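Just passing along the structure, written as structure tokens.
Naming follows writing order (A, B, C, D, E and F), and every chain is counted from residue 1.
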Amino acid sequence: MRGFYIGRFQPYHNGHHRMVQEIASEVDELVLGIGSAGDSHTPRNPFTAGERIMMVTKAVSDLDVTTYAVPIEDLDRNSVWVSHVQSMSPAFDVAYSNNPLVIQLFTEAGVEVRQSPMFNREVLEGTEVRARMVEDRDWESLVPDEVAEVVYEIGGIERIQNITASDGSGDVAENHPDTA
Amino acid sequence: MRGFYIGRFQPYHNGHHRMVQEIASEVDELVLGIGSAGDSHTPRNPFTAGERIMMVTKAVSDLDVTTYAVPIEDLDRNSVWVSHVQSMSPAFDVAYSNNPLVIQLFTEAGVEVRQSPMFNREVLEGTEVRARMVEDRDWESLVPDEVAEVVYEIGGIERIQNITASDGSGDVAENHPDTA
Amino acid sequence: MRGFYIGRFQPYHNGHHRMVQEIASEVDELVLGIGSAGDSHTPRNPFTAGERIMMVTKAVSDLDVTTYAVPIEDLDRNSVWVSHVQSMSPAFDVAYSNNPLVIQLFTEAGVEVRQSPMFNREVLEGTEVRARMVEDRDWESLVPDEVAEVVYEIGGIERIQNITASDGSGDVAENHPDTA
Amino acid sequence: MRGFYIGRFQPYHNGHHRMVQEIASEVDELVLGIGSAGDSHTPRNPFTAGERIMMVTKAVSDLDVTTYAVPIEDLDRNSVWVSHVQSMSPAFDVAYSNNPLVIQLFTEAGVEVRQSPMFNREVLEGTEVRARMVEDRDWESLVPDEVAEVVYEIGGIERIQNITASDGSGDVAENHPDTA
Amino acid sequence: MRGFYIGRFQPYHNGHHRMVQEIASEVDELVLGIGSAGDSHTPRNPFTAGERIMMVTKAVSDLDVTTYAVPIEDLDRNSVWVSHVQSMSPAFDVAYSNNPLVIQLFTEAGVEVRQSPMFNREVLEGTEVRARMVEDRDWESLVPDEVAEVVYEIGGIERIQNITASDGSGDVAENHPDTA
Amino acid sequence: MRGFYIGRFQPYHNGHHRMVQEIASEVDELVLGIGSAGDSHTPRNPFTAGERIMMVTKAVSDLDVTTYAVPIEDLDRNSVWVSHVQSMSPAFDVAYSNNPLVIQLFTEAGVEVRQSPMFNREVLEGTEVRARMVEDRDWESLVPDEVAEVVYEIGGIERIQNITASDGSGDVAENHPDTA
């Protein structure tokens, strides 16, 4: 049986990893959908799809199940989102999510969805990890070692700090390249 | 004379219907533009274009004028919006709107616009109808019978309640499929 | 039961109309999907979606079944095409088509498809109608009267002749606005 | 040496002009990138790209350096933004910006960026100019004379006032053409 | 009076230049629309919009009329093309074109179009210039000196020769980056 | 050192596999870019990105180097293609390609490209594999065993045969869903 689990993985952290380990015990193969793949260089989405593929692939390499890390670009059309995901991913039998919209869309399309209380923690942890990166507090303990290595390799801390910086006008910069 | 009246119709309700009846007394044919046609499955835009076409077509079927229900996808370019509407719609002589931007765009393009105090009520009613759907309070009395039937046929109440649900993390879910 | 029948309807002609009459005897409601809705002003796609909605709506107005004329913009992603159609159209139980790709896509999505030998004739007739329009030969006898009226109302013959014209360089003009 | 300076120029005002004069003393040729080129008819982005090209071109016509006014449409993909700018602009050696995201993106792409304390003033001035236009207070003294002429020629004051108007429902209108 | 003249300018050559000189005698200001602005690196469209802006701006710098070089990205929607052009360009009173589709679109939108027998020659010359570039035959005599300089500055001859090269499989390479 | 190798992999065949084995001897990690990721269900691009990810991942699972299978959607903008690829892929040091456009684009962007005579063979083999699939001749011997299994699992042979079928009008069907 093949399972599908989607996240933005900005970055992939221990909350995701615990969830993946849980799912791995229920499936033979696991697809990790990397959502909002086209977004990067914003405080909420600092890392590119390619950087997140590296994080995820390295962090799950020692799991026993076959895993696929698949970037999913946003289409901004909820009504075709399930088809879009299905076309970009190896076929899957069950989707894992606690997001009400994701659950509703998969359910309307006839795809089985499984929920877990563990999901909520992840959302909180993603925000916490990024906040610590900006403030130079310990974030490494919240992510797998392989992820920390990727973040250092790509200069990720400098990037997230720079794009979250004040521009001197008293406001945090809007993260759009032509707001000058 | 052919008139054009645009709304998101999420859903088509009695405020819209009174307005349509008023316009119908001034024109021979009426085009009902279904705005933001690509949006669906959000608390503010719960229904697909196809579902809204059904609502509108059934609700206006007993009017004496010929009507067209035409979905209009967003282009996100105000400067070409009038041309886009004109290409998707049977040619029209007059547009009905109270929205300042719509009025400005049609006016710059040389299209006659007619306003009515009735328009404002509709905007308020759309929000009210959706709030009642979420809270399981009487919404049926605010919409034509044909619309209520369509909403039930498509499982609309369950959908809007699910996508407006809290995800357990203390926040109402962002309505984007990859926020997990 | 609701049926779905898609065509480009450039223009809607007698071959389409015979097909629609045939389908109308099998269904309660019929959705007419107007394909490539964003295309216009080319020799192969001379008419806008709005013009084609007018042709179709007027030509089928005396049928006994409820009909919907629904423009479908191209998404250029075969894998999400069925979802796109389903989101823009009232829900349907069966699709009518002889196009191998349309059949394959609906079949993979679990939608029943019905074929008919009458379909092939239509494709040929569309090309014939446009050729006669360009060459000023009798095309009116190949389309319903209501369609001929719309074509005249919008200046359709002059348009298709102009855009098919030679540009004097020895070649028929490429139909792209910036080839000068 | 060729320099690149990007702004939304809604409208081009004295703060921009002082900056351009400063940059002009450091370069041989100057490219003025007109950001968010596809946006117009909103309170924050009232003018079209074509109108802004006119403002900028006329205002800088007496500078000694060769200038280019180049509209840059948004791509909504930060990771390809530098390539997009480079493909739409004459090749440049140095970019001028105080925006942290712009600085980060150019720096990651290996483009030299120069900053100046003057930039911050501009951002504030753009907001101030538009507010005065809406409230019919003196805005002309904040922009070059050529810009004021363009604003009057295109009916810009009437436009920004109309699209910022209340729609009577108690709220300022959302600037989206189909909110009726 | 302001005139508008559109071309792909791949590259800007003597045929364009004679045409521009002719138009310049009829107008006060001239907008040069650079069509298919997003295309580059193909045998038919070798140069980026930025490179073409440079060619055009330098080649017309000694004309007496004010000129604007404005890139126009393709929208692939003929029905909104005129609005798109109008939003990206300073307002113009007359358009110059011999292209039947351009003429039809501007005419339907109520814009005056002027034709000239000189246009046809340009189309032929563009093809000829590119063929000579590929074959290393004299192309410099067909373009203004300023254009030849830009082509050399950007390594344009090497580029057009490389992308037109055989890939060794017996076919000229399809110009799409992922055909390997 | 990390290498990048792009192909459409429609399907992944022995020619690709020999190439991958060759590259694997030169690099520590290998990114396999799956081009035209959004295309599927056409005679030339029968398989979805998800199906191709499965083929590639299974076929290279016994190589000694770490591999990434990354779908790359077309952007239709050659000038930003390298940035797009770089944002979707783990960072790479060298690209492998014989395609002249790919070579030119990477070279202009300063990325090292390596060529090999083996590439040409692949292009020919892809066409051959698809032709045999359509004609029910032995294609299994041209692809790795894992790929044949995926093709059978997804009903790939039936699909490619159906979408390549004649539609009875004497022509092979155009592969566009709305040509009826």
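General observations
The definition used in the following text is that contacts are C-beta pairs under 8 Å (C-beta built on N, C-alpha and C of every residue); 3 or more make two chains touch, one makes a residue touch a chain.
These numbers come from a predicted model, not from an experiment.
Both subunit A and subunit E are touched by B, C, D, F. Looking at which of A-F and D-F shares more C-beta pairs in contact, the answer is the pair A-F. Under half of the residue numbers found at the subunit A and subunit B interface occur in both copies, marking it as a different-residue contact.
When subunit D is fitted to subunit E on its Cα atoms, the angle of the rotation, on a 0 to 180 scale and to the nearest 5, is 180 degrees. Mean C-alpha position of subunit A lies 43 Å from that of subunit C.
Subunit F has its Cα centroid 34 Å from the Cα centroid of subunit E. Among the residues of subunit D, those touching two or more other chains are numbered 38, 40, 48, 77, 79, 86-87.
The full set of touching chain pairs reads A-B, A-C, A-D, A-F, B-C, B-D, B-E, C-E, C-F, D-E, D-F, E-F. Chain contact summary for the complex, subunit F toward subunit A: residues 37-38, 40, 48-51, 53-54, 57, 61, 66, 68-71, 73, 86-91, 153-154.
Residues of subunit F that touch subunit D in their complex: 75, 77, 79-80, 82-84, 86-87.
Across the complex, subunit B is touched by residues 38-42, 48, 159, 162-169, 173, 175-180 of subunit D. Taken together, the subunit A residues at the contact with subunit B in this complex read 6-8, 33, 35-36, 72, 74, 76-79, 81, 97-105, 108, 117, 119-120, 122-124.
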